[in-house]
Amino acid sequence: MIETLIFLIFAALALASALVVVLHRNPIYSTMSLVVTLISLAVLFVLLGAPFIAALQVLIYTGAIVVLFLFVVMLLNVGREEIGEQRGLVQKGAAVVGAAAFLVIVGLTYLEGYGGAEMAPLDEEFVSLPGLAAELFGRYLLTFELVGLLLLVAVIAATVLAARPRPAVPAEGGALAEAAAVEPATEADERGAGVVTERPDGEDRLVASGGSAGGAG
Amino acid sequence: MLFELGATAAKLGIFLVILLGLFAPVMVWVERRGSALIQDRPGPNRLGPLGILQPAADALKFFFKEDVTPALADRPLYLAAPVLGVLPALTTFVFIPFGPTVEIDGRAVPLVVSDASAGVLLFLAIASLGVYSLILAGYASNNKYSLLGGLRASAQLISYELAMMLAVVAVLIPVGSFRLTEVVAYQQELWTPAGMWNAVPQVVGFFIFMVAAFAETNRLPFDLPEAESELVAGFHTEYSAMRFAAFFMSEYIAMTTLSALAATLFLGGWSLFGLPEWAAAALAGLVGPYWLWMGLLGLFVLFFKVALFMALFVWVRWTFPRFRYDQLMRLGWKVLLPLALANVIGVAAATLAGWL
Amino acid sequence: MTDLLWLIPLLPFLGAAANGVLGPRAPKGLVTAVGVGAPGVALALSLGILWDYAARLAPAPFEQVVYAWTAGPSSIDVAFLLDPLSAVMLFVVTFVGFWIHLYSVGYMGHEGGYQRYFAYLNLFMGAMLLLVLGANYLVMFVGWEGVGLCSYLLIGFYYDQKIPPEAGRKAFVVNRIGDFAFLIGMFALFSTFGSLRYTEVFAAVAESPERATSEYALGLSLAAFVTLCFFIGAAGKSAQIPLYVWLPDAMAGPTPVSALIHAATMVTAGVYMVVRTNVLYQLAPGVSLLVAAVGAATAIFAATIGLAQDDIKKVLAYSTVSQLGYMFLAAGLGAYTAAIFHLGTHAFFKALLFLGSGSVIHAMSGEQDMRRMGGLKRALPITYWTFLLAALAIAGIPPLAGFFSKDEILAAAAGQGHWLLYAVGLATAGLTAFYMFRAVHMTFDGSFRGTEEQRHRLHESPPVMTVPLVVLAVGSVVAGWIGIPQVLAFGADVNWLHHWLEPVIAGVGDTAHAEHHLPLAAEWGLILLAVAVAAGGILLARRIYGGDRALEGERRVVSALGPAHPVLVHKFWVDEAYDRLIVRPLALVAYGFWKVVDGWIIDGALHLTASVTELTGDLGRFSTTGNVRNYLLYFFLGVVALLGWIAL
Amino acid sequence: MVPVAWYLLLAALLFAIGTVGALTRRNGITIFLSIELMLNSVNLTLVAYSRLLDDRTGQLVVFFVLAVAAAEAAVGLALFIAVYRHRRTIDLDRVNLLRW
């Protein structure tokens, strides 16, 4: 009864915010409503007896990833999408049709598959974290390690990607760096590099680059 | 059913009252008197004895000040930001236990609002939402200083969250659970019969946690997001009146909750070597039910410890100079993080060895 | 010692590789050391091995598997076989080969491509040894092709001139025909016995001959079919009618090459192969007779052509062809021992003849036409005497090598009552003696007919060339003594070679041809007749060309022959006939295929597919707008379609 | 008690919405957000199934999905920064160097 209520509320919330994510022209709003979606999904996770996943969802997604998004949005000063030329109507139409088709197919499958399927009542053992941990570090240990490796690689890749191209000749590197520092955009990128790639040395120009970002904002 | 709801509501009420009605205002006063003390000046001493009424006056002032919204601000976000700051800070308190599980006419009632199995995680998760208030405030104000403040805040908070969480993990390893109640229970049996505080074996983690806590609450020496000498007032440059107050409050409440967490993780939370239980039993012998005494004493002990931390916050704020931004990042990434990792490994090893 | 067998073929290969890698800038000394050293060591090694092997009484075939080179279900090994037959061949090849290498040092000393030459020559040695020592037909075939390749390379050694490359190509193509037949024969063998190992195949045949005599294909028994194919292959390699045409042209190569490849060793590979396969040949009497007939025909045919050649090397070339004919005659008659015997002796004196002619050409600074020579005996005595010795040997004058072997062949022919073949052989012997001494006289007798500066450049060759001459001369004297027929030994059975080769030539079942001996008187008569014919030929040549009468003698011969002479000069126009009847039509057909099949059908198909692909690409590329979202859309729609297909 | 089908349908809906967003929006960030949305709908599906089948594997997969999403976000945003540095925009219609 209460559970159904909670489900309905947060499902509606998730859907609404998801729509906002997709439809809103201002990336900031999209991002924020994505946060709402994530949190309501986390609540649904709790309903489904996965509090740990829910916590992680909030912790990682809303706490870190989306913050990163916001950061980049501000960094690149991604304004509203200019309404401008209405090209790609075919694309839009095809996308909607395809999504609709997808919905129909999947929906039918689900309905005929689990139309009246009742879930077994939650048992303590299923919810308990130790069991989860046991499986995570038992059967899936290798996967776990691999994911760790993946993250490391990702960090390195991000550093390389977003780092400002190093001056060719180290000898006059200083001078070149200064020259680049004058240009606002590279400054912005440098900040981005600093944070996106979590690289300390990128940070020290935040103060210096106030002008550019402010002007952009 | 109703009983549980009632109990939960009651516990929630207690916290709201204490936090909003007691700590935030008192902290304002403490802050100002403390700063005065440290800087060897009287501080606010007119209103009431020792200017104890000063916070009320401040609150009044905030209420009646004009609430300005910049013309080019992103209005909805601008209005939402302060609220987003207060909410998580308030919410997190539901995971802090202030007493053991007691019997109220036959029903077992844990003296904690929510004893979720993933308590600590949820605490940190919700706490991590606080950053949005800063970012959005910085962005919505449409002001270069605010924006920079927001950016700095996001970077800083993300960076120090890692170190903080690792410190927490180190604490949780020997406990073997995410429930804060179990953390307290663990400390009650650690080593001595009367128990021992985690702060002793986990001194490194304790240190890391405290430093990170300073950064997470944007307090000096890590108040880069609002460094007045660089960014006017950082992310809340444009705010005024009650919204400004809301930022203030959220900062103090965040301090309080983090202090409570620190107390629970490292200083045994509500427990004090069995004294509260003993005293509660004794008092219950005289008058009133045991659970009431227990709750009160637990709250008292907990908030005593919290108060200690608050004092530390104040003391540090008015003692240390502000870091430079690169220094901040370097400290976070090149000192605290590796240290925390090493700490985790060490603690894990010690746990395997059976010392913890 | 015999375990080192595998080293013998390997060494020349290594030498070839070394010289090939060293490159043209390599110091001459080093090249010489490698190029001559490799076969030298191989010779020493093989001598040791042969000694070790021959020392055993009743030496059993020694087979050495180098590695299992699995082809198909039943493995075919790279294996070497040392049995009496391959032992003889091994000796001949390594011995003659080494001396010719040594000779080449002097002969090629002033030529370009010195190191290339030695690389090729070593390569040839390796391939030849592979051919000879191979323990199964496949290894033999590898060597077979290898020597073919080397022959091609060395014939076309002077690739900057016009004739040699064409000659090389001709040799290669003609050999192809034979090789093709050889391959077919191998396939037939393998499909029947599932193996190509001599021992296995022959054992299988020996224990159940009907398997080989039963009908196989084209109305031929298996033995007949295989042996026929093999003989065609042999004819290609050993220059028998109708595939002999390449050998005379092969003289375009350096003279030592002619000596080694086109006289001593490679061209005899066919004979070796036939003898090696004798078990099957004995089961195919028809084919054997054909072999004999073709051999005889080739012998006399080439001999007649040899009469009218003025190029000294051409003379030798045709004599080689006719001698090879002899060998096949012997093999066809089932006198395999005689064939091998003649092969060995011939290797010596023919190599010697070529080297001698090489020495002459060297001295005449490249002149090959005998009509411009003459009177060289004073200038190059060693060459003269050795050459003379060789000529006597090939003419069949006792007690030189050629006499014994040739006599044995003739005896076999007569012994089996093939009087026609015998007559042909005898006539050939006479012709051989005649044209050989024609060459001798035209070259060495009389007065010098060359130009002035040729005259005072005349010089005897350096020792490095003359020593091999002498050695080979000795060889061509004594080589025959290993096969002295019983008659001449007055009943003493000293025919060592026979006994030596007996295990290999073992007759199969009842078909083993009986060496029914003629009465002693008849044998003596035959021998004397042969010697008389040979002597007659020599004397006739002396009468005509002797002294200073070379040129007018020639004129008299021409007039005497009348219309026949141009026929001989133009070698019966065989080359022209082949060109008209085979080469041109083939070229025409090939041209047609090139234009029609290749140009239209194949290329057309390719172009069609290409253009279709291009068209689809041109149509499809409008979908690649470069906009990621479109790609994403395609992807998504595809996924949805797939999902629908799976789900509904 | 909520039937599992509802969760699944909700997930499907979210996925569809995310897809439409990813396919129709031009702003790189928004597209990225839509993709995150799709990821989350998948997460929901996984958790629902793990609940239905009483098998924690689903939750663990979600855990890994989270980690991968983090990595993806880091790299992707870095890419956007790089793109922005060169093209001065992250409007994907303007970043069409893949064309013929």
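Letters A, B, C and D mark the chains in the order given here, with residues in each chain numbered from 1 onward.
Simple rule for what comes next: a residue touches a chain if its C-beta (ideal position, glycine included) is under 8 Å from a C-beta of that chain, and two chains touch if they have at least 3 such contacts.
No experiment lies behind these values; they were computed from the predicted model shown.
Visitor: Just grab the chain with the largest centre-to-centre distance to chain B, centres being mean Cα coordinates.
Guide: Of all the other chains, the one whose centre lies farthest from chain B is C.
Visitor: From the C-alpha centre of chain A to that of chain C, how far is it in Å?
Guide: The mean C-alpha positions of chain A and chain C differ by 81 Å.
Visitor: From the mean C-alpha coordinate of chain C to that of chain D, what's the distance rounded to whole Å?
Guide: Between these chains, centre-to-centre, one finds 78 Å.
Visitor: How many angstrom lie between the CA centroids of chain B and chain D, rounded to a whole number?
Guide: 34
Visitor: Just the number, please: Cα centre separation of chain B and chain C in whole Å.
Guide: It comes to 102 Å between the two C-alpha centres.
Visitor: Chain A: which residues touch two or more other chains?
Guide: 52, 56, 64, 68, 75, 88, 91, 94-95, 98, 102, 106
Visitor: Using the touch definition from the top, which residues of chain D touch two or more other chains?
Guide: Expected reply: 19, 23-24, 26, 93.
Visitor: Could you list each pair of chains that touch, in label order?
Guide: A-B, A-C, A-D, C-D
Visitor: Touching chain A in the complex: which residues of chain C?
Guide: Chain C reaches chain A through residues 629-630, 633, 636-637, 640, 643-644, 647-648.
Visitor: What residues on chain D touch chain C, complex-wise?
Guide: 19, 22-24, 26, 31, 92-93, 95-100
Visitor: If you look only at chain A, which of its residues touch chain C in the complex?
Guide: Listed in rising order, the residues of chain A that touch chain C are 88, 91, 94-95, 98, 101-102, 105-106, 108-109.
Visitor: Can you tell me which positions in chain A touch chain D when the two form their complex?
Guide: Residues in contact with chain D: 3-4, 7, 11, 14-15, 18-19, 21-23, 27, 30-31, 34, 37-38, 41, 44-45, 47-50, 52-53, 56-57, 60-61, 64-66, 68-69, 72-73, 75-76, 78, 81, 87-88, 91-92, 94-96, 98-100, 102-103, 106-107, 110-111, 113-121, 126, 131-132, 135-136, 140, 143-144, 147, 150-151, 153-155, 157-159, 161-162, 185-186, 189, 192-193, 196-197.
Visitor: So in the complex, which bits of chain A are touching chain B?
Guide: Listed in rising order, the residues of chain A that touch chain B are 28-29, 32, 35, 51-52, 54-56, 58-59, 62-64, 67-68, 70-71, 74-75, 127-130, 191, 194-195, 198, 200-201, 203-204, 206-207, 210-211, 213-215, 217.
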